[in-house]
Amino acid sequence: MEHIVFYSLSSVALISALGVVLMRNVLHCALMLGLSLMAVAGLFGSLGADFLFAGQIVVYVTGVAVLVLFVVMLAGRESELNSPQTNDKWPLALVIGAITFGGFWRFFGAYADTYATTDAEPTTRGIGILLLSDYALPFELISLILIAALIGAIHFSRVEESQ
Amino acid sequence: MTLLHYLTVSGILFVIGLFGALTRRNTIGILMSIELMFNAANLNLIAFNRFLYPERLDGNVITLFIIGVAAAEAVVGLALVVTIYRNLNTIYSEDFNLLKG
Amino acid sequence: MLEHAYLIPIIPFVTSLVILLGGKEGKDSKMPYLGIAAMGWCFLQSSVLFFRALSGRMPLEAGKEFFLHQRFPWLEWGENLRINVGVLVDGPAVTLLFVVTLVSLLVQIYSLGYMHDDKRKKRYYAYLSFFTASMLGLVIASSIFILFACWELVGVSSYLLIGFWFEKPGPAYASKKAFITTKLADCGFYVGLLILFCYAGTFDLVSLKSYIAQGLLPVEVAKAVGIGFLIGAIGKSAQIPLFIWLPDAMEGPTPVSALIHAATMVVAGIYLVARTYFIFTAAPTTMGAVAWVGLFTAFFAATMAITAYDIKKVLAYSTVSQLGYMMLGLGVYGYTAALFHLTTHAFFKALLFLGAGSVIHAVHTNDMREMGGLYKRMPTTAATVGIATLTIAGLPLLSGWWSKEAILHDVYAVSPGMWVVAVFTAGLTAFYMSRMYVLTFLGAPRNEEKHSHAHESPLTMKIPLWTLAVLSLFAGGILHYNGLFEHLVHFKLPEGSHGSHHAPAYLLPGAAIFVFAVGVGLAYKLYSGSLETAQQLRGKLSIAAETLEQRYYFDDFFLGLVKLSDKLATACYWIDSRIIDAIFIDGWALVLRALAAVNDFIDSFIVDGAVDGVGTITQDAGWGLRKLVRGQVQEYLLYVSLAVAVFATFMLSR
Amino acid sequence: MGLLTTVTFLPLIGAIIILFIPKEKVAVIRGSAIFTTFATFVVSLFLYAGFDPSLVGDGVPVMQFTERYEWIATFNVFYAMGIDGLSLPIIILTTLICFLASIYSVSIKERVKEFFFWYLLLEVGMVGVFCATDLFLFYLFWELTLVPMYFLIGVWGGPRKEYAAIKFFLFTLVGSVFMLLAIIAVYFAPNSGTFDMLKLMEINSSWSRNFQIVAFIGFYLGLSVKIPAFPFHTWLPLAHVEAPTPVSVILASVLLKMGCYGLLRICYSILPAGFEWFLPYFIIIAFINIVYGALCAMAQTDMKKMIAYSSINHMGYCLLGMAAVSSTGFNGAVLQMINHGIITGALFLLVGVLYDRAHTRDISAFGGLGAKVPVYAALMVLTCFASLGLPGLAGFVSEFMCFLGAFPVWKMWTILSVAGILITAAFFLRMIQKVFLGPLNEKWADLPDINTRELLAIGPLAVLTVLFGVWPKLILDITNPTVTALAEMHSTIFKYLH
């Protein structure tokens, strides 16, 4: 069961991620992104991070992905579907990706025999406590950043009266 | 399932994101790829948390923060995209070359 | 009364502030009465002290030479250093208090009439009070430092009063001249104070006296201090060569001149020497200097008075001359005599000035050539001024006679040579004073128009005149009677300083009466008729007369000094702006430029080739690299990730 | 938070608040600036109330109201503050002058917001310099005064403001560089490794004489520019002439004191051997400052320039007092700093008043104003007399004490310096005569007398002038114990003087 869940979720996540970077239609990309993120959320769940599972879906899937969709609809153009959506640097990028993954792999190998020793427990309460104790300051800072981002976004995307 | 499995998935996800970020012409695509990379990192954090320090929750909390920052980044980035589109009438990154030497 | 002696300077000081800050300015200001009332109180207190001291009913402090010595620390610093403020009341102080308050009171009453129409009456009375307060402070200060402080305040108030009619250029200039000249002298005083404190560590007169009595002050130091103080006194008491401010100071209102000349400012110098007499007597050289300064001043001032036609200037020179007498008296150990002369002189000089003021008030001119025959129009003034003239000229048995005789007596004891000059000067005095009187009051009117407008002064001006006239007549005799004044001043000659010359008993009074008679007679003969004889005489002696009229060219000398310092100032400023400033601004630039030149030399011959090569390569590389920079953000990202990937993998996998 | 930190940084809060006020609301900006300076002044009075003058130790000064927090641990830098009898009067003077000058600053009409921002920032630096007991902090505040001053002169100044500002900036900056080098040298000196002034005062005996001399020169170059001591004084007349009135006031009243204060606090206390080596030259510089400064003042036709040069002359008295290395001289010097601050502040304000009305400062352009503007004339005459050292007014006692202190040690130079008093009197009286006396110049027939706002700024200074002249003990009681201990601190080194 565990294996089935993991492999299916992983493959969904990876395949839809490939879709994000490779598909021509940006709208489809955005949908794929949502799918990928949802799969990653599932992975979170399989790792016992129940709060993050919910958070991922709420913030990413229903927030960011939807936002992307909106923007795509705002800024997308039909004609672009015909032109390639990937630039001419892709071979180099591929090499970089390979090197990066090679680097990762060297370290990941050390954890080939690491198994989860305990059962997963609900995390929400613990996260809540941590957020308001040890991480109180970063927590507040994050909220500040969000506000700033919000204001910034509004400011950027506002249509000037004069124009 | 070992930790390696999860790490592998997260590694591949990251590389895909990186590839996308480097090759997509569409600015929105770049942003989406970056989101993928964020997710890879998140997955990494949670996996380590679960397998190496199951009694603690710091990984989860930091992931939460990253989600927050990523959301902010997405908002700002998309706003920028909209603005750029409005002003330059394009969303292709190669068309922005104000930094040209 | 005695223990509250400190009130005497404080009351007029406060009064002056009240007058200055309160009430409304104008002709009808009631403030003058406040000033007079305050001064009246001070006079009352002072005269009580004076008469009690005179009659011996005020006891000296046990074993001391003073009646009262109060002090409290005003400034304390360091381990144990302090400057006290306090009062020291002794015989001379009591005398001066009496004289100053009396003259000031009379002058203030007199000013009611004289300044009747002035629009800044309030300010005038405030200044007068302040002037008197400073002088009174000077008189009873127990510490030389406070004395110096009051000394300066006297200077500044005289500045304000001389320049009272400041809209006219004359007073404005004269007041500045007075202040600067006395300030120049004050520098000497200042240095004296520094030296004194450096060695004695105190400014307190009583402590200093005992300090010096114990012989702790080296003679050289005493000499230096004495000379410093003497310079201060020369400036304040208008001795040669710093008398130049006094004739100009006549630009102030005449009552002010009376105050300055009779009681307050100019006697301060004499009083300073008297107050610090123990320092002078500790260094005999300084005594000689005091005597010579006094003698020169007395003589030269008297000669200058001969040719002056401005009534106030004649009086000014006569003051200078009389102050010279006092200085001379001090210099020949005639302490008592000098103070005695100071007292009597205050009465008749105040009277002379107030009388002159009365005349000027009536005829609106200072020039005696336009007066003449005024006795018919102004009998009171003529009578009182006549009394004063006779007194100062030395008519036997009047006040001036006694004090002048006392000084001459002491002079003879020390040096008969000096005495001859002094007696001759007395003759000159008799001459120029009589000349002044004759020209002003006797003879025929020379300017009918002015004569016809002349009128006798109002009562407020007459009362002071009569009061002073009475004092001029009798004060000297009374004080001289039974050694009253001598007893009051209570001066003990230092041992071994008695003069060795004894004159025959008839010589001194005889000579004095002789020169008096000759002086008065000559003046009457020359000036009672028309001025022609005098003019002819002047024509014959034109060089001498010119010299006298130019005040022996002392003014030119000091003006030259001022010009010189102006030039010096300009030179300094030129140096400052053209050289020093240039060094630090342009100079740096020059240095840098020189360095650059050296650099350039090295560059062009040694480094240049190499540098050029490097430069070319860099440039080419730059052009090449520039092509890489296409402004493509994504490309940058590509390079960055490539680098990071390679390096991270490489570094971490070692 | 300690009282000293409050006094120092209160103006900063005001400055920040002003940043948030829209620049059109000029009245609000002015009001809050004046209120801030007033509040600072009041807080500094609390310092006075809580200060115990008798608290002195044996040797190193005992600081009060101390605050000490670790700041940069790696370099042993502390946020250390404290005051003693030397700094307290100057701090109060600073806050008072800032308050009064801010009242006068209402006459500034352009870019009010920026003006008061820089103004308040300047106050932070000035107060901080006098509070800091850590050399690093001291230097920081020292430099903090530089930038606001540069802008205050450069933006709101007269016709040659840019030149003046640059000149001021360069002079002080070059000086500061030397001072920084000296600070670093002291930090790396044997047994040191600290910026703590008090500790440095203790350990300096282990330093070689040559080292102390070199370090002294560094400090002296930095400080003498601010004093300003000959020959680094040429920036002063220009800066004064070009600066707007309130800035001139602060420049003369407070900034110059930073140099003198530094001389006593650092050069003398930390590097006594260097100071001792320099004394013979120091007295000559004092003499030159006095006489040469006065002579230069006499040559001026511009009133502001004349007063600027008279400042050089008056700071010469401070130097003279310091050269005595005795309780008398030091007391005189400190007293002179305060009195000069009050008197010259008032003088600059008064000249500013006249300039605001007549738009000229040329002495010979006036004449007979005494009848036209009696109150103004009275204040001016009073202040001039105070400046030329009339007894009963502030300048006299301090001058006298400086001379009194210096005389036993430097007889010749002191006597020569007395000439400075005469020259000062000469040029002030000449100015009074030409401006106020004589017949009225008809050009100024409708010149209005001083108004309430100006009187509010100048009046307190005039009152203080009289108060400190009549009762100098007010200041002396605070300074004396500290200063006496200071004079005794290195008595072994300076023994030969006395």
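Remarks
Letters are used for the chains, namely A, B, C and D, taken in the order the chains are written, and counting of residues starts over at 1 for each.
By definition in this document, contacts are C-beta pairs under 8 Å (C-beta built on N, C-alpha and C of every residue); 3 or more make two chains touch, one makes a residue touch a chain.
Computed from a prediction, not measured in an experiment: that's the story for all the values here.
The fewest steps needed to get from chain B to chain D, moving only between touching chains, is 2.
Ignoring chain C while keeping the rest fixed, chain connectivity by touch breaks into the groups A, B | D.
Distance between chain B and chain C, defined via averaged C-alpha coordinates, is recorded as 93 Å.
Chain centres here are Cα averages; for chain A and chain C they lie 97 Å apart.
Centres computed as Cα averages put chain C at a distance of 34 Å from chain D.
Separating the CA-averaged centres of chain A and chain B is a span of 6 Å. Multi-chain contact residues of chain D (touching two or more other chains): none found. Multi-chain contact residues, meaning those touching two or more other chains, occur in chain C at positions 634, 638, 641. For chain A, residues touching at least two other chains, in rising order: 87, 89, 92-93, 96, 100. Chain-to-chain contact here is organised irregularly, matching neither a line nor a ring nor a star, and falling short of all pairs touching. Taken in their complex, chain B has these residues touching chain A: 1-9, 11-20, 22-26, 28-29, 31-33, 35-36, 39, 42-43, 46-47, 49-52, 54-55, 57-58, 60-61, 63-65, 67-76, 78-83, 85-86, 91, 94. The residues of chain B lying in touch with chain C in their complex are 18, 21-22, 30, 93-94, 96-101. Residues 87, 89, 92-93, 95-96, 99-100, 102-103, 106-107 of chain A are the ones that touch chain C when the two sit in their complex.
Residue ranges on chain C touching chain A, taken from their complex, read 634-635, 638, 641-642, 645-646, 648-649, 652-653. The touching residues of chain C, counted against chain B in their complex, run 626, 629-634, 637-638, 641.
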